[in-house]
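Before I ask anything, here is the structure I am working with.
Letters A, B, C and D mark the chains in the order given here, with residues in each chain numbered from 1 onward.
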Amino acid sequence: MNRQLKFSEAIREATDQAMGRDPSVYIVGLGVPDPKGIFGTTLGLLEKYGTTRVQDMPLSENALTGVALGSALVGMRPIITHQRVDFALVAMEQMVNQAAKWHYMFGGKAKVPMVVRMIIGRGWGQGPQHSQSLQAWFAHIPGLKVVMPTTAYDAKGLLAAAIEDDNPVIFIEHRWLHNISDDVPEEYYTVPLGKARIMCEGSDVTIIGTSYMALESLRAAEYLRDAEVSAEVIDLRTIRPWDVETVLASVRKTGRLVVTDTATTAFGVSAEISATVLEREFDSMKAAPVRIALPDYPCPTSPALSNDFYPRARHIVFEVKKMMGQELVADMLEDPLGQRLDVPDSSFKGPF
Amino acid sequence: MNRQLKFSEAIREATDQAMGRDPSVYIVGLGVPDPKGIFGTTLGLLEKYGTTRVQDMPLSENALTGVALGSALVGMRPIITHQRVDFALVAMEQMVNQAAKWHYMFGGKAKVPMVVRMIIGRGWGQGPQHSQSLQAWFAHIPGLKVVMPTTAYDAKGLLAAAIEDDNPVIFIEHRWLHNISDDVPEEYYTVPLGKARIMCEGSDVTIIGTSYMALESLRAAEYLRDAEVSAEVIDLRTIRPWDVETVLASVRKTGRLVVTDTATTAFGVSAEISATVLEREFDSMKAAPVRIALPDYPCPTSPALSNDFYPRARHIVFEVKKMMGQELVADMLEDPLGQRLDVPDSSFKGPF
Amino acid sequence: MLRIRIVENAIAESYGEQEMRCPVHLSIGQEAAEAGACAALERRDYVLSGHRSHGHYLAKGGNLKAMMAEIYGKATGCAGGKGGSMHLVDLEAGFLGAAPIVGSTIPIAAGVAFATQMRNEDRVVMVFLGDGATETGVFYESVNFAALKHLPIVFLVENNFYSVYSPMNVRQKGVNRIVDIARAHGMEAHQADGNDLDIVYQLSRQAVTKARTGGGPSLLEFITYRWREHCGPGYDNDIGYRTEDEFFSWKERDPVVAYEKKLIANGVVGQHEMDLIARDLKQEVDAAIVYAKQSPWPDLNTLPSQVYAS
Amino acid sequence: MLRIRIVENAIAESYGEQEMRCPVHLSIGQEAAEAGACAALERRDYVLSGHRSHGHYLAKGGNLKAMMAEIYGKATGCAGGKGGSMHLVDLEAGFLGAAPIVGSTIPIAAGVAFATQMRNEDRVVMVFLGDGATETGVFYESVNFAALKHLPIVFLVENNFYSVYSPMNVRQKGVNRIVDIARAHGMEAHQADGNDLDIVYQLSRQAVTKARTGGGPSLLEFITYRWREHCGPGYDNDIGYRTEDEFFSWKERDPVVAYEKKLIANGVVGQHEMDLIARDLKQEVDAAIVYAKQSPWPDLNTLPSQVYAS
């Protein structure tokens, strides 16, 4: 039970086991069977399941999304991968007009069990067109489900659940998590969609994180412990449907809310969470809610600029201390170690 | 000065005058020069400006968005039209990865002055794929501007301003507004982007509306006057950048906030406004904020179903009264006149 | 073919009553291409279509009553009222669905064929599209994919010269552009008279047989003409995008009348027999409309349901 | 051509220092197609490109120092550090921009040509794309539009057989698919050896002249080969997507060496002269790298600026 697995290996294992259990599961995507295997997440599948179930594709993301959808209509369970969410922009029409609505618009006659894997990230000079994080778009669309795992354990269980689900599920992986390991059982299991995970309990403030920002939130909670602030960190795990009850229960206890996100703040996921909490728990709130996500411009390429683009644990700590009325050290937002903000932990083996 | 013009005519006049003033303005879109002329908004332009500046196009929305962008790079000022926002989903990549970022990603070397007109609506059996309202998507993208006029006066002035603007502007028109008239000066004028309009002043509650929902909000304010509630109605007019200061100033006065929208509530524009207000004016708030927009499913086609899909003035009245602690009449959400909710005022001359 | 004509005419007649509260795209004038192509299919085969789908649905054997009820927005409609005219479906008949975003069902159909191929099923997929749809990026991508994978699919293009009110010359160039695109991908393709039922049937039969026997995909382009307005029950020659002359030249080539004449001339059927068939069909259609009108509205509690399958 | 080679080699050598903190897509092996095509253009003509754009930028006369500084993320970079290797621009040289979403600059280039045509300017547009890009829907849409409008544009396809690590046979079918697609739209198209500078130049010259004199668009497909890994400075034949044999067969057909030999054989230039040219170029490139390294970082206050033009 104490086997350590990397997030990327957990993704591969979930895919492997799902394909082993159900012959209707197949995977298609640019580079899926190539020697790099989507950052290692599809390695070995071709050898095991053959060219019919493990497919490369033409550079035609829009058509192939439709192809996946069509195959799902008659009983297949496709997984389609995109190495960046940015590339999937050409396939929005199929995902949003078609896959999301097919079940509803035909009065429940058909269903579309498909998983769309997309990868997001941070920095490394990928620049404006390789760095977007569009979960808010997908979450805005009734008919889609949106999953963003943080831990390797959840990556495996949520991907398995997404593949089992009878609906189109957008599965968003953060590249900085791919190399992070934790305990992952060998046997097949699922983690239910729509349930948050309380990563650490606390009583003063509720910090919501997802994907990579859940880790930064956890780090922030550690620093805050030193400042005698007890932070509860909740990893949403699923963005649509998100676990409103768990969040509300936490806020009823803490009365304070910080919502983090990997995307542009404005009109993003964090707005929905903040708005919902304030609508439902206005009377429990002791302070104004705060959102911590990306600033309102595209991601620049130069490390000298992208360095300051991404929020980290200390930005969270800063906001929480402010909210708690604690004294703020003027330079706490500067990095004492001079560490580049756009470079992941040493556990990360780049490039993107 | 007291000339009445319909919203659709105001759009046409702004286009006409902009084309007359600036030879680099041209308009392209499916059906632009056809006998129906995009619900009348492009009629007569072909005769006046010729086939070079008033163009039909192949059914290739993605490429033509790129074409518009490319022409803008070298000094043209294209307007591209889509008869439904749903059709523009195939062109997201060009709008979001390219047009929105071109100025930034080339360090300010180039600019993309272009207007993308899109039409949204309500009901008439258009069904799931002809009824979406995606302003939240565009507003989430740094580099885009998003405009949603309500009155004919603003439609003319905002379209003129959008054409003059050196950035890609998403211009969203509600089909139910096309036939509504008001005073529109004959001469060319612009209405600045990013400025809200206070449609009626009030002291008890701030109601934010845009596009068609601004009219429903106004109606609600009238009913509320009878109930001795003084509502301030703000028409945002521009969604990105939105006029934060005007909204905050109003909420500081009223302490109550209702945000309406033409789109799905979840992860929509109303969340951003609500979250921002609560972050910035938490201490001014007397009650929990409320959002009134579309429910969390696609729009069904049957009138028996879509009837109950769209919120109207009385839904706003209901929520405001609840917020004010007034007595609620049980059946006030039902329509006494049995009027179909998916049919516009008699001023509307359908079909969509 | 005659049945499609009679159904579409009945819709056109009743539309004015304002009880069909959704847009309708009638295919009167194009029936030969629709009936002829579907006649080449087996019931187990699949069809997908776009906005102008009534004819395809009926030709594939879709339930007429369920279609009428759907157009009337009733609970008994094939999509429970949620879809309307632009979202017909009849799974038993192999009509997998129609959706009005132009081009979008083309890759979906390719995906159905892909699944059929992966599972080694004996099924052919036919997807109907218009000349306008051949300008969408996803059409080309789908043709490339189908050719590459040797899919059991037939791309059935009804070229009626217009995309809404836009004629070919503002949208496309190239003498045989549509078939040439398919051929550029190594796919067999033919262009032919879409108003001649026999020709349509023959070519479709060949293409379907080819697909069924592992010969891969084909594209067939049938030249035809839409009589009525793009969307709605009326005529629109008066608004100026096409001439009355053009319209009448096509009306003279009425595919339904032509085939009737041929049948009678060949002695397959007599005029009286033909009239009886027409009368029976009209009765069937009238009954379907009555059925639709008398059917209950969908229950309001179905409104938020079926967003997610479980 | 030689200059591109020397620049790309220098980038490959320096990349390991980890000071170029952005992905680079080198075009070593493909220089003839890039240099030959751009040689057919005037300075006032426009070029757009995709992810693998260094060669196009340089061949069109883009500023080398500004490019190096951009790759190093410096304030003196052609995009002020905001773009990096995948977003080169030099407006004075007519290099309007490169962007790495595959296919996306194709319609943008068509739009530039459209504007040029609307304003009756004497300019030709050339857009570079790879074999992978010919599978994107927007490529076909753009070809259709360019043919329809008779635009002054040349679609320049460098077919290097791979899209990342994916070979042609998992992506395309049809013997001459790429040129046939263009021809299906009534557009002139040629396929030729992309490693022969003279052939590339001749065909490009013809296409550019044709576009300039109102003859409309063309598509040219040049067969060539990328030597280095898809993205990054190294070699990757070892990872298994292509064979060493294939690689070496192409390396023997080195376009730079071949042309050098030809020049020397024809007595246009001597070996010693050639070496001198190479030395000068190497010095120029080294100086550009020094310039880039010594340039200041962009000021942090440029970070939120230039989101909107005013």
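One rule holds for everything that comes next: contacts are C-beta pairs under 8 Å (C-beta built on N, C-alpha and C of every residue); 3 or more make two chains touch, one makes a residue touch a chain.
Keep in mind the model is a prediction, meaning the values are calculated, not measured.
**Student:** Based on CA centres, what chain would you say lies at the far end from subunit A?
**Tutor:** Farthest by centroid: C.
**Student:** For subunit A versus subunit C, what separation do you get between their C-alpha means, in angstrom?
**Tutor:** 42
**Student:** Mind checking the centre-to-centre distance between subunit C and subunit D? Centres are C-alpha means, answer in whole Å.
**Tutor:** It comes to 45 Å between the two C-alpha centres.
**Student:** Express in whole angstrom the distance between the two chain centres, defined as the mean CA positions of subunit A and subunit D.
**Tutor:** That pair's centroid distance is 35 Å.
**Student:** Residues of subunit A that contact two or more other chains, please.
**Tutor:** Where subunit A meets two or more other chains at a single residue, that happens at 57-58, 60, 62-63, 86, 89-90, 93, 97, 104-105, 127-129, 142-143, 296-298, 300-301.
**Student:** What residues in subunit D touch two or more of the other chains?
**Tutor:** In subunit D, 77, 79, 81-83, 87, 99, 101, 135-138, 141, 144, 148, 170-172, 302, 307 touch at least two other chains.
**Student:** Can the chain contact pattern be summarised as a line, a ring, a star, a complete graph, or none of these (other)?
**Tutor:** The chain contacts form a complete graph, every chain touching every other.
**Student:** In the complex, go through subunit A and note every residue touching subunit C.
**Tutor:** So the residues of subunit A in touch with subunit C come to 26, 52-53, 57-58, 60, 62-76, 93-94, 97-98, 102-113, 142-143, 145, 166-167.
**Student:** Under the definition above, what is the set of subunit B residues touching subunit A in their complex?
**Tutor:** Touch list, subunit B to subunit A: 62, 86, 89-90, 92-93, 96-97, 100-101, 104-105, 127-129, 132, 134, 136-137, 139-143, 240, 263-264, 266-272, 274-276, 278-280, 282-283, 285, 287-291, 296-298, 300-301.
**Student:** Okay, in this complex, where on subunit D does subunit C touch?
**Tutor:** Its residues touching subunit C are 135-141, 144, 147-148, 170-177, 180-181, 183-186.
**Student:** Within their complex, state which residues of subunit C touch subunit B.
**Tutor:** Against subunit B, subunit C makes touches at 20-23, 73-74, 77, 79, 81-87, 99-103, 132-133, 135-138, 163-166, 170-172, 231-232, 239-241, 297-298, 300, 302-304, 307.
**Student:** For subunit B, which residues count as touching subunit C in their complex?
**Tutor:** 30-31, 34-36, 55-60, 62-63, 86-87, 89-90, 124-130, 295-298, 300-305, 308-309, 351-352
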